[in-house]
Amino acid sequence: MIEIENVHKSFGSLKVLKGIDLTVAKGEVVSVIGGSGSGKSTLLTCINGLEPVDSGRILVEGVEVHARSTDLNKLRRKIGIVFQQFNAFPHLTVLENVTLAPRKVKGMSKREAEEIAVKQLDHVGLGDKKSVYPSRLSGGQQQRMAIARALAMSPGYMLFDEVTSALDPQLVGEVLDTLKLLADDGMTMICVTHEMGFARDVSDRVAFFDQGVMAEIGPPEQIFGDAKNEATRKFLSSVR
Amino acid sequence: MFETSLTLNDLMFMLKGAGVTLMVTFFAVTGGTLMGLAFGVIRAQFKPWVTLPLAFVLDIFRSVPLLIQLILANAFQAIAGYGISPFVTSCIVLALYTAAYCTEIVRGAIAAVPAVTRRAARSLGLTWRQDMTQVVFPMALRVALPSWIGLTLGVMKDSALVLWLGIIELLRASQILVTRLQEPMFILLVAGAIYFVLSFPIARLGAQLEKRWKEND
Amino acid sequence: MGNYTFQWRQALRALPQMLDGALVTMQIAILSMLIGVTIAVFLAVMRNSKSRWLRAPATAWVEVARNTPALFQIYMAHFGLGSFGIYLSPYVALLAGIAFNNAGYLCETFRGSLRAIPSTQLRAGRSLGMGPATAFRLIVMPQMFRIAFLPTMNQMVWAILMTSLGVTVGMSTDLTGVTQDLNARSFRTFEFFALAALIYYLITKVVMLGARLLAWRLFRY
């Protein structure tokens, strides 16, 4: 379970998050939508401790992320994150990209790590690209590799930060299919996304962010069919 | 108090040496840049294998120590009986040395102008000449200038080597004073300061130009 | 050409001696690079530090190395230190001067290659549970190494060319020094130095070719 309680965060004088409350249950898929600069991506980087928060707290399985006593490196093993830019490690092959963290962070043997990596790569449809360097992959393939890389740490939670925004339109589908597969497997996911179709079809709940505030949250049918908030309706009509 | 027997006259002697350094640099860079421009355009305009001989010859100037080039040129002109002064010989060698580097700067800068831009210029009806002078050179200049400034400063520093042919430039002048006054550290520090004053502001200017132009792109 | 006759045979007879000199040249160049790279890493770390007491000396080193002639730097080591009663042999002075120069230029090469790696790479490593040192070692360093490799090899070529300056402080065992010695005895300046030039040319070509092959072998991505 991820519990977010009254989180505030600002960059200099810019207030990015103004008191966010959100609880994501085990196995739940929550999509976060909203205009750019609404703070949705910042929330993800706060959840895995890449960014500190100003006030409020975030608990992952009861562990407070920003407590001084928390070992962030250990905590991050439980929380996978995939970014908009694929962040492939260019100097490593696809297989090495995926096995690096299991081996160096978890201390797995090479054999063990490769076994897991092969499974994950097959899962995202890159089984035949294991010995290729990322520069030879399309954007969609690189992004799927990044997903496999995060999954190889067997995290309990996955955060997706606009993972299709940097992709050519024809490559978006293959990445979304991978996410769907993951949701069907019961992974707990928070997806910041601009893909309304995906948010509607895959999520259990959809949250709408507006200027650092979570303006509305509810099941997709309600958000897309009968939004209560004026800003939500306005946003949805603009993206359609 | 620090005491030195370096007199104002001695300092003038060093500054005169610095003048020679600047003069050699000026002739070398002027000649080298003109040659470099011509060779660079040729290198950029024709297929690589056509200009291979030119590239090969220029590469020699970058692969053999400058000191050896100076010695060879001086020996050659003596053998041939040209009676060229060491100063002129030095300027010629340094100019060729400069040209070798300048050619690559010019070639690279022209190559950095996108082909589509050039096609656009030609499709507007510009002739090759107009394309070159109105489109390619202004764009290439931005790429080339920071490197060219670096090259000029490099040549100024490398010009110290002409002392081997008996030319009294800044470093040789300092060395003469060192021998006479026996204050090596102090005199060399003065020489180093003069080099630094000549080089550092221009180097900074080049770095700033490069930064500003990058931001504008 | 007047009545001068080239005597190449005499120069060729001295070839073994000159090749011995070339070995010394390579030795100085390689040593100066090893020392230079080591110091450059420290200088780069110092220049990127927050403390101005660390930054200032590193900046001074880099600016002096880049804004004064290499020959001046060698003179400083050979003549200049004499003011403090330190007398370096031509070999040590040459090595020190070139190493000083290498360190200054390589520091900037290393800093530039560090800047060329996007911060998102480090972030990606951290998000996989790596500590900062581990992420730097496994993700940033190997990429830095690739970017810095060819510029470093170029500096190696510069180091080889700079060794020729040793003759001005009395160095007589490197390629230029040996050649100058032979020249002083025979006055066959052109022949001997032409041969030396050819050897320098071949050395630099072999080094660059080796660097290219090594880069091709090392960096498959």
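Note that the chains take the letters A, B and C in the order they are written out, and that residue 1 is the start of every chain.
Convention: a residue touches a chain if its C-beta (ideal position, glycine included) is under 8 Å from a C-beta of that chain, and two chains touch if they have at least 3 such contacts.
This one's a predicted model, so the numbers in the text were calculated from it and none came from an experiment.
Chain contacts here run in a simple line, from one end chain through to the other with no loop closing.
Set side by side, the interfaces B-C and A-C show unequal numbers of C-beta pairs in contact, with more at B-C.
In this assembly, A is the chain whose CA centroid lies farthest from the centroid of chain B.
Nearest to the global CA centroid, when each chain is reduced to the mean of its CA atoms, is chain C. One inter-chain figure worth recording: chain A and chain B are separated by 54 Å, centre to centre, where each centre is the mean of the chain's CA atoms.
Put simply, the C-alpha centre of chain B and that of chain C have 20 angstrom between them.
If you average the Cα atoms of chain A and of chain C, the two centres end up 48 Å apart.
Within the complex formed with chain C, the chain B residues making contact are 60, 63-69, 71-72, 75-76, 79-81, 153, 157-158, 160-161, 163-164, 171, 174-175, 178, 183-186, 188-189, 191-192, 195-196, 199-200, 203. Residues 1-2, 4, 63-64, 66-72, 75-76, 79-84, 157, 161-165, 167-168, 176, 189-190, 193-194, 196-197, 200-201, 204-205 of chain C are the ones that touch chain B when the two sit in their complex.
Contact residues of chain A toward chain C in the complex are 48, 50, 73-74, 76-77, 80-81, 83, 85, 87, 89-92, 100-101, 104-106, 133-135, 146, 149-150, 153. Looking at the complex, you find that chain C touches chain A at residues 118, 120-121, 123-131, 134, 138-139, 142-143, 146, 219-221.
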